[in-house]
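Two complexes, one shared chain (subunit A), two partners (subunit B, subunit C).
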Partner chain A sequence: MAHPSVDPLAADRGSNGDRRAERLLGALVAITVALVLAMIVFVLREGWPSFAHNGWSWFGGGGNVDRQTEAIFTSANFNRSWVYEFHAWPIIWGTLLVAGLAVAVSFVAALFVAVFVVEFAPDWMRFILEPVIRLLASIPSVIMGLLGVLLVVPFINDVLIDDEARRSVKYIVSLNGYSLLSGVFVLSLMVAPLMVAVFVDGLRSVPRNWLEGSLGLGINRWRTFWKIGVRTARPALVAGTVLATARALGEVVMLAMVCGGVGFAPNPKDGLIFFLEPTKPIAAAILQSAEELTSPPMRDTIFAMASILLLSSLALSLAGWAAKQPMKKYGVRA
Partner chain B sequence: MTKKTTGLAAATVVALAAVPATTQAATIVGSGSSASTPYVEALYAAYKKVDKKNTFTFNANNGNAGAKDVQEGRSAFAIQTRPPQPSDSGLRYSKLFLDALTISVNPANKLDNLPVKSVKDIFTATQTEWSAFPESGLTSPIQPFGRVATAGLFTYFTSAVLEGAPTASSVTPVDKDGEVAVAVSKNPNAIGYVGLANSKPASGVKRLKLNGIEATPATIKNLKYPLSRYAWIVLPANSPNKAATKFADWVRSSYEAGVVLKKAGAVPAFNATKKSKKK
Partner chain C sequence: MSAGTEFDAPTRPVAPARTSARDSSASWRLTDRIGLALAWTLGVGFLLVTGGIVLYLMIQGVRFVKPELFVTSPSAGFSESETGGFLDPLIGTFAMVVIGMSIAFPLGLGIAVWLSEYGNPSWAARITESVIEMLAGTPSIVFALFGMLLFQSPILGFFSQSMDGVVYGRSFLVAGIMLSFIALPLIVANVREGLQAIPGHVREASYAVGKTKIATTRRVLLPAARPSVMTGAMLGVGRIIGDTAVIILLLGATLKMVPANHTPILGALQGTGSTLTSFVYQNAPTGEANQPEKAFAAAFVLLSLVLILNVAVNITVRRGRKMAWGS
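What follows is the complex of A and B.
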């Protein structure tokens, strides 16, 4: 033969190289897992004093969480005994509300948009829509925060809130546009594109012949897509929702800018005003107290808040995994 | 690795380690008051001509946090907007220049004077309606904006205006001085306390006279304006960074810094009024 044959030794060396690469990658994975575990242990350990001092009431309500934060922070200043009293309910509630409502709103919107993009949009529109959606998903959160402060907050204040509503709660909070609603609105704009991107990929991977089979039976396009396409893509819907919820839980800067920064638990009994009341999600609370890390009791409290966020992300991934299991049988992988 | 490459690598490491020792250029980190950021940035820009070697950076993480940074060695100096407190052990405070806290409202508000006592009433929710101030021309509820507890201005405002009383929960706290100005400029019913630099006419807010006295360089300098105050530079009491000390001296006493401060909206207190002759 004119050209040199494959050198068996070289091939052997290659497989050795493969094995080496395997071991290297294995080690990297092990390091990653170890890092994550170490992080969880570290955060929990640092936050433990705060939990230990408050017991279960840490998660409860009672008092003003902002005043408590201030008291904890300043207690280290004057060589007094450290204060730990902290009742996190308002910020936990704020987190649940902002993230939950934003994900719920975006889920509905994203599902319809994804179905439209995959099945009903003409090619030229799809050609424009998809890059735009991906671009939207990657807008930095501080830019969304600025848009929120300069456009959304003043709009809510000028258009949606009247003086009567302001008067009804004026001794407790100010209704000035910095609110749950502005947080949910801007956060939905941020997580919906992410959801759409994942949903679109999921819906696309539904086997065409399943859909064609249904169409062949004389079932109309909308119903076919809804009953076969969306159902089959359920694992992708769950995956997208989990990703979006994780992003919503971890969103910091924008929420700190538009939610009002008051550790107040919006009260559903207040009627529609509920949506206009200010709140402070955990991540924003951590950001605003990050400068107070120098005070040891405050540091413990901040880590306690961080561990709640960390554990809820963990729980979220597990819940997403568990939810996907029964759907796998007839579903597409996601 | 062969011996040659090992030797080369070792030489490179030694050389890299030696670089800072020979040129002695350093990054001087300052932190603190976000209300003073506009001044600090202007001063840095001008100081580049004086100290060509070192780079100065400023982290606007609010005055109280800045003082802590210096205590713990993270920053070489801090700019603080309140006088020293017992918590400031190990720190040396020096007056730098004069600044003022302004009480600002939206330009739609016709009010132009407030007694300091009324400001206290507003921020402790004793007074919640603009109708109590007929000159304002408004009949809506007052929407006060303030700062988060890490801000030196929060501490200063709490002691100078609220006389230690806690801020009402109806006051919306925001992170930075400029954000208060933005919030007030966007909301006709708002009132907020803003540093002098961020309440210039271009910022879209209107400064109020306090007890009938306007915040002008003259009234701030003779301390007639009720909320005139010094901006302080905070250095460690023991072995402060030389470049930072030099910078502080330049800001406090040089004619050039005085010009910069005036332009940025502050009031120089100790700066030379005439250009010194070059030696």
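What follows is the complex of A and C.
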């Protein structure tokens, strides 16, 4: 320590160690932060050629995604010039559909379950429900995928899809149970517990006397809790939804297993068959093309897909941060 | 999460006339009754669905789990009897936990201590906080791709095997290092929460007897925050054993362990292999091996590990709550 310190304590040996410890910890933190920032920069940089070649049409539709990826992959062989043409709309649409529908379904379910847990469940049920919710949240996604493949997909194939449905879209896509519906169903099961956990925390932090005031005015328990409890906990609802959306966007393995892995954009004009059509969300598309990383143009395309995922998760964590600000008033860190 | 049931107690005396919600709900408006009914249905339904999932997996698992599966390696074959067991995946899962946690735990502890006790300058603390939060939200497949990018560079060739100057970039070491990123945010969040729950006078008392800040942290604060530290560590382990995307991309697609060279332990760590999750993935009907019974058996083992961790976390959290600081 070359420079003299004003702090009288700094002179003794302990403080020296103290400062060294602070520096060491600071260095650890700095390395981690630098590594994460490097990750963002590197992933974006690797994906850039794909964006640069396609421009905005990268996000547009047109052509068959699966055929495009194949063309990109094989263009690295035989010293041919590299192909970059890629129109990702089907997989973007698939991601939006699967994640959006799953989050919407589980939002409604999770809200009611959370209200039930906090306010209406008998004590013994609450005692069971809370650990059960935490357990469901921690079941590895590959196990949920296995269940989806062995239970949900056959059910959809045998019960929900009839021959007429199969015939009506025969020339476009084959229906075999691996579908948007199976993805949404299993994904809802996976994200709902996360939402319930955050919602429960938020609902519990509602000041008790606000509810008591309402009850004292003769308003019934449901209305009190719905109008005052749920409204006060709105920031927690947003935070939980953001968390669940991030999880849904990043879900890879389960979706790769149950969604069919066909780069097809489910068409809402098909009526209810829409839900039975296969799709391929971005994350699953990356996993399924992982073997093709050896081809440089394909590698760039895969990293471009990863950049989209990374940027949307960045945007989400920003949204989550913004949503959490009003919660601080109540001293809740959801 | 804190003070759940304790907080509900005061409601009851406020409305002594109502003994239970159901007694009085007959007089409620229809919409309110529908709402209450929905809450009950969904709550009970949630319980049943989760119970169903766990029971189904347990029953299927018990049917297909055989002791010899634990001691035989996977092998290529066309039937359930030919394809061997999951000894290698078990070892792989264990290795992932050891490698991942030996990086994530000290790092997470350090970051949490810095954030909670030092956090100086404050802008750096705020950046760190958001970076950690971002880390928590990043899809694991992105970590996997970044890991491949990072470890395929020749400078880091030591971590995996290389052939003719081309670095393979997939090994136990690589996968473990990238998995530590997935466990890190959980550890940081929990340790930090535990440290922040300790009232300031505890620190002041320690300073008053002449302890330095780092000594206070080590001797007073961290022991006091042990339940949170353990919770964070166990949640981190849960994340590591449950992850599949990183494993599939970074551990190579081999079910068996394939050491990179003949050096006893290092060679295996530089080589490829599998874990329980990638074993389940490969053996599911959508995977390449397609042996559902094996997949169920491995899923059962995996789920049991997760269950044990969950119970342990619950016990730790409860015990931690019991010795919580009175404010």
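In the analysis below, the second predicted complex is superposed on the first by the 286 of 334 C-alpha atoms of A that agree within 3 Å, B and C clash if a C-alpha of one lies under 4 Å from a C-alpha of the other, contacts with A are read in each partner's own complex, and residues count from 1 in each chain.
To be clear about the criterion, a contact is a pair of C-beta atoms (placed from the backbone, for glycine too) under 8 Å apart; a residue touches a chain by one contact, two chains touch by 3 or more.
If you're wondering where the values come from, they're calculated on a predicted model, not measured in any experiment.
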Superposed partners subunit B and subunit C on subunit A - clash or fit: clash
First (subunit B), second (subunit C), both or neither touched by A:Gly320: second
Partner chain(s) touched by A:Asp163 [first = subunit B, second = subunit C, both, neither]: first
Which of subunit B and subunit C A:Leu37 touches, first, second, both or neither: second
A:Leu96 touches, of subunit B and subunit C: first, second, both or neither? neither
Which superposed partner A:Asp66 touches (first subunit B, second subunit C, both, neither): first
Broader residue contact with subunit A after superposition on the shared chain, subunit B or subunit C: C
Partner chain(s) touched by A:Asn176 [first = subunit B, second = subunit C, both, neither]: first
Subunit B versus subunit C as contact partner of A:Val149, first or second or both or neither: both
Where subunit C runs into subunit B (options 97-105, 115-123 or 259-267): 259-267
Shared contact residues on subunit A - subunit B and subunit C: 149-150, 256-257, 291
Residue numbers on subunit A that touch subunit B, as the complex places them: 64, 66-67, 69-70, 73, 77-78, 149-150, 153-154, 157, 163, 166-167, 170-174, 176-178, 256-257, 260-262, 264, 278, 288-289, 291-292, 294
Of all residues in subunit B, those that touch subunit A in their complex: 61-62, 64-65, 68, 71-72, 85-87, 125, 128, 139-141, 143-145, 148-150, 166, 168-175, 179, 182-183, 186-187, 189-190
For the subunit C and subunit A complex, residues of the former touching the latter: 1, 3-5, 7, 10-11, 14-15, 18, 21, 24-25, 28-29, 32-33, 35-36, 38-40, 42-43, 46-47, 49-51, 53-54, 56-57, 107, 110-111, 113-115, 118, 120, 124, 127-128, 130-131, 133-143, 145-146, 148-150, 184, 193, 212-215, 235, 238, 241-245, 248-249, 253, 277-278, 280-281, 284-286, 292, 295-296, 299, 302-303, 306-307, 309-310, 313-314
Touching residues (chain side subunit A, partner subunit C) in the complex: 14-15, 17-18, 21-22, 24-26, 28-29, 32-33, 36-37, 39, 42-43, 46, 109, 112-113, 115-117, 120-121, 123, 125-126, 128-136, 138-143, 145-147, 149-151, 189, 192, 196, 201, 204, 208, 211-212, 215-216, 220-223, 226, 243, 246, 249-253, 256-257, 283, 286-287, 290-291, 293, 302-303, 306, 309-310, 313-314, 316-317, 320-321, 333
